[in-house]
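Quick one: structure below, then a few questions.
Order as written gives the chain letters A, B and C; numbering starts at 1 within each chain.
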Amino acid sequence: MLIAILAGFLLALFMPNVIRGLKGKSSIGIALLPFSLFSYFISFLPRISSGETLHFNWSWVPSLGVGLDFYLDGLSLLFTLLITGIGTLVFVYTSSYLKGHQYLDRFYAYLSMFMASMLGVVMADNIITLFIFWELTSISSFFLIGFNNDSEPSRKSALTALGVTGFGGLFLLAGMVTLGYITDEFQISSLAAMSGEIHGHDLYPWVIGLVFIGAFTKSAQFPFHFWLPGAMKAPTPVSTYLHSATMVKAGIYLLARFTPILGNHVMWNTTLIIVGSITMLYAALHAIFRLDLKGILAYSTISALGILTFLIGLGTEEALTAAAVFILVHALYKATLFLITGIIDHETGTRDVSQLGGLNKIMLPVGIAGLLAAVSNAGIPPSFGFVGKDLIYEATLHFGDLAWVLTGAAIVTNVALLFAGFLAGIKPFVGKLPEKFSKLHLPGPAMWVPPLILAVLGILFGLIPPLVDGPLIKPIVAALTLQDPDFYLHLWHGFNVILALSVATIATGIALYFIIKPSEALLGKATRFESISPHSMVKGLGRGFTWFSAKWTNFLQNGYLRYYLITILSFLTFLLAYRLFLGVEIYVDTSVLSEITIYEAIIVLIMASAIFFTVFTKSRLAAVASMGVVGYSFCLIFLFYSAPDLAMTQFSIDTLTVILFVLVIYNLPKYLKLSDNRDRIRDGLLSLIFGAMISILTLEVLNESVQKDISTYYAENAYLLGKGKNVVNVILVDFRGFDTMVEITVLAIAALGVFSLLKLRLKSIEKE
Amino acid sequence: MKTIIFQTASNYLLPLLLLFSVFILLRGHYLPGGGFVGGLIASIAFVIHSFANGLEKTRSIIKFHPGFLMPVGLVFAIGAGAAPWFVGQPFMTGLWFEDPIPVIGMVGSALFFDTGVFLVVIGVSLTIIFTISETL
Amino acid sequence: MSNPYIVLPIIFQLFLAILLMFCWTQKNLQKLVSTVGSLIAVAIAVIMFAQVWKSGTLVTQAGNWGAPFGITFVADTFSVLMVLLTTLSGLAVSVFSVGAVRNARVKFGYFPILHFLIMGLCGAFLAGDIFNLYVWFEIIIISSFVLITIGGEKAQLEGSIKYVTMNLLASVVFLTAIAVLYGLTGSLNMADLSLKVAEIENRGLVNVTAILFLVGFGIKSAVFPLYFWLPASYHTPPPAISAIFGGLLTKVGIYALLRVFTLIFIPDAFMITLISIMAALTILSGGIGAMIQNNIRKIFSYLIICHIGFMLAGLGMYTELAILGTVFYLVHDIIVKTNLFMVSGLIFKIKGTYSLRLLGGFYKDYPKLSLLMAIPLFSLVGIPPLSGFWAKFYLIRGGLEVDNLVLVGFIILGSFLTLFIIARFWSEAFWKTGEELPKKLKVKYYHELKPLKQKAMVVSILFLAFISLGIGLGAEYVIQVASRVAEELMNPQSYIEAVLGKL
């Protein structure tokens, strides 16, 4: 099982070699991987439909409770079959669609990586593992969408897609961590039993909010839907794969998977119903106005995802059944429509639906596939779509007080979807064949067989529902409701309200198809509202954020060292003052302080005037000299407090420093600009306050009585153990000799620095 | 500054000051002094000499680049520090010869260490000062 | 347990630096010595890590003066972990330098000073004495200052002035803090301080002292509003130097913060709030700063700040799990940031520019290198299961534990900004069709270099990329180490006992 999931990653790794191995020959052989996975998973069908679930655990990060834990129940199985099944067809299709493409190997590498990640998502039994694969799908789809990386729009939309899904992903992570924190359980299959505990927790609204953002961004729910139409810049096989069965369904999968855990709560249901219905209506209306075939499909996909969210939001057994069926229905017809769009684009070079027509004459099998898909999409009997739509109406009609409102929304959506499906599946093939397309011919079977297979399945499942209801749909509903469901899918329910609604939907839709002709003018009307669409708002938000970023960054990082220092010192001073005045009882205990002698007073006076002179003098030499005076005054203070060694060292150091300064300054020009008085006052004030803080702090510290163990120890043991009478020296070379060693190293480095700074002048060719 | 008196004086001053610096180094363990101050005094001696006779003259007396003293001094220091390792003692543990040596007194690893300090300080100050006066 | 040899990582680097000083002008010999030496240093660090892992905290008292009288060195799990990481990125940078550093710089002391810097870092991690820690900070400042200026280009000098001024200010604050602390306790030994500070009745004064440490180390670790030196200087020196800076310099500050605020000053409510606010604003400022940059090294510089915020956030949450997250992040970040600056250096060598606008077409021309570079880039983002992800998990968890949802929000924001910035970076530098750039005379391009030099650069990037992968996939082991570190930090009893003996 682990191998099955990770096989895609392995293949991706070796893809360049594989493709090179197949040099020149058809790369169709790659499709063996998804196909064998498909066969592998379908072999579980009997066991799953008998109610079994399969678990696989492989310990990875046990201290986090994260393992490569996978399990297979009805829901997972449906998705794995879709992923590998449609995957196989997409792989086959690609071998012809991108035949001879320079980077075919990369394309297949990303595609199999993506497939593996999707398998991981739908089979993960651990919320963290789920998240890991979730992020991997975002990243691999980033590479897929941006595959045509020479084109700017393609890069932009890849970035938008990653931005939105990655954004959601992080929220999902937070949600998962919170969930794990509440329950201390990461196993999805065990979490359902703790549903009550989770519902009662204070953080429950946070958890579902975070999970929702994750799911909505991935599944392109309003207002995060805008990345999906942009993602149509990708090559068509990618769109097919991502948007019919996999990537965008991951969000739906997530919602479905968490229904038994987080669902059945008024917050959960209401949010999903509202968001789902807004999305389905909004996107369905948008789909009507599009000209680009892929644009139509993109919006109808969003709308379909809205329906699914909506159904999961309803949360009744009927609604969940409808959702399960609709996932399959939608995957089949939408993949078909995308694939035929790809063929049309590939052959005619345009996707503008107003220019297309009559293609039946040259590519009949494609046309048939289109027709069947449109029929299933429309929910015309005997297609599988009809079964799906009936279930949806059944679910909405049985939903208490709001039944008619919800049913109305569903009808409007379905009418628009029918229209969109006809536009994509039928319109290009009927009518008059434009002159310029007459020389075209049917592409190879690798391209037209896959859509045909899918389209036929869409009808077949409708004709013979038992093919799927027992083996697939029932285990799903069982997984979602945690009960053994008791229902059968029927094509024919007899004459009742639902049938009437169905007929009405189909009739209105077909009527619309004949009334509305897609045109530039119509598109123009729709784009007029573009400025208030979420996409524009997000763009505006992004611009605002960039503007703010620039302001903020340039305000702080303004390039002036003095402002940096002022900021740092003000920050420090403020904190010191705050903590000193609020936390410390300030008093000065004069009894512990010695008397101030006249010498000390004079020295301090000299120092103070020297400092003032340093600050105000206009000559550098004078400034250096007066700084030297400060240094020598320190020597005197050391002497007063009987530290001859320190005084001696300070004296020599000061002398050397002054010599050095003089050497350097001698060669410098005069001060060009002196700061004006306002600046000086500001800086002076800050220095004074800062100095005052440190002085107060020092005085307060003196109040504390401290045991001077260590100095006493040094004084007592210097001769005894250190064999020296000069305590300072013994401290330097023995007690704290290590510090001294480091300090002489510091000196050596400084000398090296001076040496290389002054001697090394890089010649131009030597520059980096 | 290159007066004859200064030049002559500095020629005598150099060995005297150097001797004094070594004296300061050696007595450090008992009285104010030590490698650091000693090194500074020695470098001041060379600086005075160079002021009087010009940099070239001073450099020709030293023969090698003063920067060379830095790694040598560091070797002394690191050697004095690491020696105790060979007898299983922590780094920088004081090791002492049994008997005091005349004039100097007790000799131990601390003195070697201080000599290292002495050499590094000379190397550092001379490198900096020579480099600056050469290039400016 | 006492072990006199735990200062070996420091002394060995010093030895290397001295050796390199003796072969001042022989550039090839220097390269050889540096590479081989760095390998040995890694070996020493690994052995030491194994020792500490097996037998617990090791201690040596320099000069055999018992604590608290002499200078103590302590190798607990945190210390040896940091030493190990330092030597690993030291090795990578040393090899990278073989290819990327111009000979002129090598002849003027590049390698000795690089090893002095690494010595300083190791010293700081092993110091068990607060003044000794200060001394190591000196080494770090002076050697990094020299490394920034070496070569003396105008941009370098301007950056270095800002760098050194603000870092010296940090040192002054740190030194003042030590002086005040010594005045309060009469001790410098960190284990001893831990006990003595706890006994002080005047908590107000302790809190004020803590502020001094916070700001001193805060400047070092480049947190808001003290980070100015970092974006002003990191983009100026040659890439090998920015690599070691980006990987390690700010992390010493974080190390010191973690050490001091778990061992000596146990933060009170005010401190916790303060650190949390600083962390949040650090994340924000770093993230949005990176958003608007065009120079790729500036982008990475701001991202350093952003991620320093993550680590500070862990300290601000102050639970064992959050500290675990911080330590994990530290491990991940050192390797990745070092690598990213090397990557930027390689990009520059190939294309001759750091400007994101001008770059492009990398993916088309150098597909294999691009894939290699993708590893550190996407590790940084924390795309699971690459290395950045796991730490974030713990940080979010820690935030939930202390109910600090705002901080969690900022962590998510920071992660999102990183994701967006790196994706855009990828799209611009790697995907976009780059225009033909005018050949710069001053640049020696990648393809003009000897094959050995080319290999040196690629191999070092590969080396760190592998470590990053290892951290991500072998997260379990890193978590075990990090959790032991966090446990030791939050329960300093064992540290104190190791230094001062059984109490």
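By our rule, contacts are C-beta pairs under 8 Å (C-beta built on N, C-alpha and C of every residue); 3 or more make two chains touch, one makes a residue touch a chain.
Just so it is clear, the model here is predicted, and its values are computed rather than measured.
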item	value
Chain separated most widely from subunit C, comparing mean CA positions	B
Chain whose Cα centroid lies nearest the overall Cα centroid	C
Centroid spacing, where centroids are CA-atom means, of subunit A and subunit B in whole angstrom	62
Rounded Å distance, subunit A centre to subunit C centre (Cα mean)	26
Mean-CA-position distance for subunit C and subunit B (Å)	36
Where subunit B touches two or more other chains at once, by residue number	70-71, 74, 78, 81, 91-92, 94
Where subunit A touches two or more other chains at once, by residue number	734, 737-738, 745, 750, 752, 755, 759
Contacts with 2+ other chains: residues of subunit C	14, 21, 62-63
Complex contact set, residues of subunit C against subunit B	2, 4-5, 7, 11, 14-15, 18, 21-22, 60-64
Subunit C - residues contacting subunit A, complex	14, 21, 62-63, 65, 68-71, 102-105, 107-109, 112-113, 116, 119, 123, 131-132, 135-136, 138-139, 142-143, 145-146, 149-153, 161-162, 165-166, 169, 173, 176, 180, 183-188, 200, 202-205, 207-208, 211-212, 214-215, 219, 225-226, 228-229, 231-232, 238-239, 270, 274, 285, 288-289, 291-292, 302, 348, 363, 367, 378, 383-385, 389-390, 392-393, 396-397, 400-401, 405, 408, 412, 415-416, 419-420, 423-424, 427, 430-433, 441-444, 475-476, 479-480, 483
Residue ranges of subunit A touching subunit C (in the complex, touch as defined)	60-64, 106, 128, 131-132, 135-136, 139, 142, 146, 149-150, 152, 155, 158-159, 162-163, 166-167, 170-171, 173-174, 177-178, 180-181, 203, 206, 545-546, 548-550, 552-553, 556-557, 559, 561, 564-565, 567-569, 571-572, 575-576, 579-580, 583-585, 694, 697-698, 700-704, 706-711, 713-714, 734-739, 742-743, 745-746, 749-750, 752-753, 755-757, 759-768
Subunit B - residues contacting subunit C, complex	70-71, 74-75, 78, 81-82, 84-85, 88-94
Touch list for subunit A against partner subunit B, complex	644-645, 648-649, 652-653, 655-656, 659-660, 663-664, 666-667, 721-726, 728-730, 732-734, 737-738, 740-741, 744-745, 747-748, 750-752, 754-755, 758-759
